[in-house]
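Labels run A, B, C and D following the written order; every chain starts at residue 1.
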Amino acid sequence: MKQSQAVDTTVDLGGISLRNPVLTASGTFGYGTEFAPFLDLRRIGGFVAKSLTLEPRVGNPPPRIAEAPSGMLNAISLENVGVEAFISEKLPAIPEGVTVIASAFETDIDRYAEVCKRLTGVPRIAGLEINASCPHVKSGGIEFGQDPAVLGQLVRTARQATSLPLLVKLSPNVTHIGEMARVCEGEGASGISLINAVQALEVDPETRRPLLANGLGGLSGPAIRPIALRMVWQASQAVSIPICGIGGIGSAADAVKFLLCGATAVQVGTSNYLQPSIAADVADGLVAYAERHGIPRIRDLVGALEFPGR
Amino acid sequence: MKQSQAVDTTVDLGGISLRNPVLTASGTFGYGTEFAPFLDLRRIGGFVAKSLTLEPRVGNPPPRIAEAPSGMLNAISLENVGVEAFISEKLPAIPEGVTVIASAFETDIDRYAEVCKRLTGVPRIAGLEINASCPHVKSGGIEFGQDPAVLGQLVRTARQATSLPLLVKLSPNVTHIGEMARVCEGEGASGISLINAVQALEVDPETRRPLLANGLGGLSGPAIRPIALRMVWQASQAVSIPICGIGGIGSAADAVKFLLCGATAVQVGTSNYLQPSIAADVADGLVAYAERHGIPRIRDLVGALEFPGR
Amino acid sequence: MAEAIWEVSAAGAVPIRAEAEVVRNVSEGPSSWRLVLRVPSWPGFRPGQFAMLSAGAQQAARRTDPLLPRPMAVYRAETGVDGAEVEILYKIAGRGTALLAEALPGQRVAIVGPLGRAFPPPRSGERVIIVAGGTGIASVYELAARLAGAHPVEILFGARTASDLMALEDFEALKIPLQVATEDGSAGVRGLVTDLLESALEASAPGSGRRIYVCGPTAMMRRCADIAAENEVPCIAALENAMACGFGVCLGCAAPLREGGYALVCRDGPAFDAASIDWERLP
Amino acid sequence: MAEAIWEVSAAGAVPIRAEAEVVRNVSEGPSSWRLVLRVPSWPGFRPGQFAMLSAGAQQAARRTDPLLPRPMAVYRAETGVDGAEVEILYKIAGRGTALLAEALPGQRVAIVGPLGRAFPPPRSGERVIIVAGGTGIASVYELAARLAGAHPVEILFGARTASDLMALEDFEALKIPLQVATEDGSAGVRGLVTDLLESALEASAPGSGRRIYVCGPTAMMRRCADIAAENEVPCIAALENAMACGFGVCLGCAAPLREGGYALVCRDGPAFDAASIDWERLP
């Protein structure tokens, strides 16, 4: 069986055509070029760039990161180069043939829309992801993605602001992820990305302070994978728009789990820090998995989980 | 400094007087006697027994457990000996001087209340914990602890059913843990226990099935500790009734973190499986910590976290 | 002869918890390893009991992944001057056992044991047939050793291929009749061990009673249970469900019973009357 | 002499990622360890650059705790026939380094490097004073080695006590003037290394310029920065913030700048003009 039929790895993520379903997650892959020494970006489906705000933003004071069991905490906040510098400086540096998804991140809905507008029509940007895990200043620090009404308004406004495929990245810090997914679908989102980091706190028992200068932070990495898989599965039961699965992915087996739970594509996040070529390894591993199981198209795995009693 | 003043380890957990703040968590410590070979139960503050239903219950089919990064998943469901067998067979086997907290767990509110009634007035039971992470049959599988109205009704009814100190064990699968804590306080709960296991899913990529026969399960262990610390801190900001902190505790340092975040006592769960004498080690370690830091009363640590900007 | 047979009273040896020193940890063939631990206050054990071992050696710094300990049969234990040497025979099945195989002499492995109920001993005069395969071979050595010379006993091993057989020499040294069946014929006869069992039952007269003990893959145990039932021979099966605690508190190791409900493999077993198990619902 | 001085152009050696074999990993005194890794396609490095090392040896089975790699200065590297031998000098500070100390020859440690910008070289004729303490000593060896014989240079080490000093003999072998200050007087003079720095600045005439390089605990670096500013001497400080990635993508290693905003220690440093850092806000 050496001469296996080539596996079809292409997927359509809400109008974004991907070479393969392995993307990298916003905030864990910089603006793409940083990984040039470690992997050929054309080996992966594409990448989601660091979330952009209208103006360049300075982040939180250090310490911004801390380790946790099988995970890490971060409180980077809004630090980014701003939408203009991204377009004029970062995008041109990305090799041809690499699929770029831009990410938007703001403190009020109008500014979100403005970021989406500016990114629309820019060559090289294949789609937008709006990060709804940002605290909404007007709702007293509640995340946009934690309130169905606010989320609905955000998605509606962003949808009007851009003609690009629009992914909404949901917050995991909610009671009913399916409800949030339905809001996105109802307001015309092209797809859903989940999960973002889980709100968390780590404490130094010696100094009696949080390990992060900001106090709270986001937990990411393998620790959250079982939570992410549950949410992806729940969202996939609630909506029919495509889902991009995120959370602790560090191997092709992990990626397969997300596909089985209903994700059309996946994003590798924290693992990029540990092993900067990991996303390409995951993509290659998916092909090996498909060959081993005689699966002609990777997308045949999507939602193929045999869930008991269904 | 060898002759240190003895550290005062006693705490009052909503009317339950504890020798020290280290309890063990429901479902991880059986009915107490199973640990006799490994530790003297009088070295810990007490234990919360496996959750009880009115009638003995058979649990889920196997596999019921699976491993996850720095954690485990379980779907044991309601398996327990039932309230009567607990009172007549299990309680008498527990050595004198051991503080026992019974846990109630049911599928509708009236049955919860009935379990609470039966456990009231039974000698040896120092307090009740009601587990609100159980799916509410009438709400279509939503957990009691996921809906403020249902939770309020549960706590009100349970409060009327018993004169014992009443702890409410909250579900972590909610958007606003502080809101749930306030509901409990408003309905007269003596205290709050949190967190229960986080709803999660693990998948076997080879069989394409969930690892648990039940599909979904609860994630526990060190992986969830940063989430638990965040929720305990948020709850402590929302209410003034005492909190019992739970989630991934495996050392005295971990316990200190929970106390700093506002927990009056803690419960050791999954770690009991790895190291059956761990709860006593944590209790001893708390004393060592207090001595090292010159803290006369362990309870002085409660809520002593220096949170930035407060 | 009474001394050779063990008690299965509920109150067996009180289990201990120790950070035991690795005395030896060596590969014996492709995937079979032998670990010897020095356990200072080992209280002894009875055939069929097991221990929970940490996944990998304890390191200077605590690592929380993998988290759970792994159940392993106590293969053999010898009490000496500075505690007992407890032997474990294991195969590399996944992460936990792969890490265990890296534990070096002098390093420490956390152990909790002995746990579980022993195999019920045969009745006086009963002819014993031990059937084992896979990691189940490790679970029956002490049983065979205690019965050897004291009871009429024979052993039947099944494996996919010769190299899957563990510790064959130890069993041969017991001087008990031993037959092997491999699926590829690379050792013993080609075929299934359950065929050997059928022949053995045919060859032996019911006489003063016969008894089967089996430990191995679920399919093997289920088939043995069927054969035993057809021949009306009592059959004891030692199950190998996944475990978290090993002493009856997590309720994770449930085995479905034919009469309904579940037994806990760690507390009510691992050895069960094969007829009591609902084999269809055992994962 | 030009060859002895390195380039700091932005485009340095392209970093590599390897699972490098441990050649040697030995304790040198109470908490100081020396690790030698064989790295096949090592592209060379410049003084001040670092690498990200996995916390502990890679094991047969992947463990996800601890998760993040640890930043470590490249102490020295020698290119031979089968790749370079890359040397790391480290102290056991917590879990990651405790696990690293257990890596045995033949085992593998994942490495990503070289990373970061090099120390800017001194200008021709500049008199160099290197100040180091704690793990910072590891960061300045290559700097001292490249300057030795090519530049007027002296070294000042500070420590709490004698046994905290790492690799003293390596530095002595460079035949550069070296002074030590310990807080308990157990080696060199009793006192702070910053006192030595003040004396050294008093003793040396401004002449054709002076330059300070410092790497050590934050308090030491901050005080050096103050002394340098008072004396109007340029001072380069190499920071040691916690890191997750090491190559500018996680934004975790932010160092607050006096002019406002943050620099990334891994990308814009680790070496910075000490006057540009807002020492008060550095954790």
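Some points to look at:
In this text, a residue touches a chain if its C-beta (ideal position, glycine included) is under 8 Å from a C-beta of that chain, and two chains touch if they have at least 3 such contacts.
Keep in mind that this is a model prediction, so the values were computed, not measured.
On a Cα centroid basis, the chain most remote from subunit B in this structure is D.
Centroids built from CA atoms put subunit C at 47 Å from subunit A. In whole angstrom, the spacing between the mean C-alpha positions of subunit C and subunit D is 54. Averaged Cα coordinates give subunit A a centre that lies 36 Å from the centre of subunit D.
Of all residues in subunit A, those that touch two or more other chains are 68-71, 213, 221-223.
Of all residues in subunit D, those that touch two or more other chains are 62, 64-66. Because contacts link each chain to all the remaining chains, their graph is best described as complete. Chain contact summary for the complex, subunit C toward subunit B: residues 14-17, 54, 62, 64-69, 110, 112, 241-256, 260-262, 281-283. On subunit A, the positions that touch subunit C within their shared complex are 69-70, 222. On subunit A, the positions that touch subunit B within their shared complex are 68-71, 73, 146, 173-176, 198-203, 205, 207-210, 213-216, 219, 221-227, 229-230, 233, 248, 253, 256-257, 260-261, 289, 304-309.
Here subunit D touches subunit C in the complex through residues 56, 59-66, 94-96, 98-99, 101-102, going by the rule given at the top.
Contact residues on subunit D toward subunit B in their complex (touch as defined above): 64-65.
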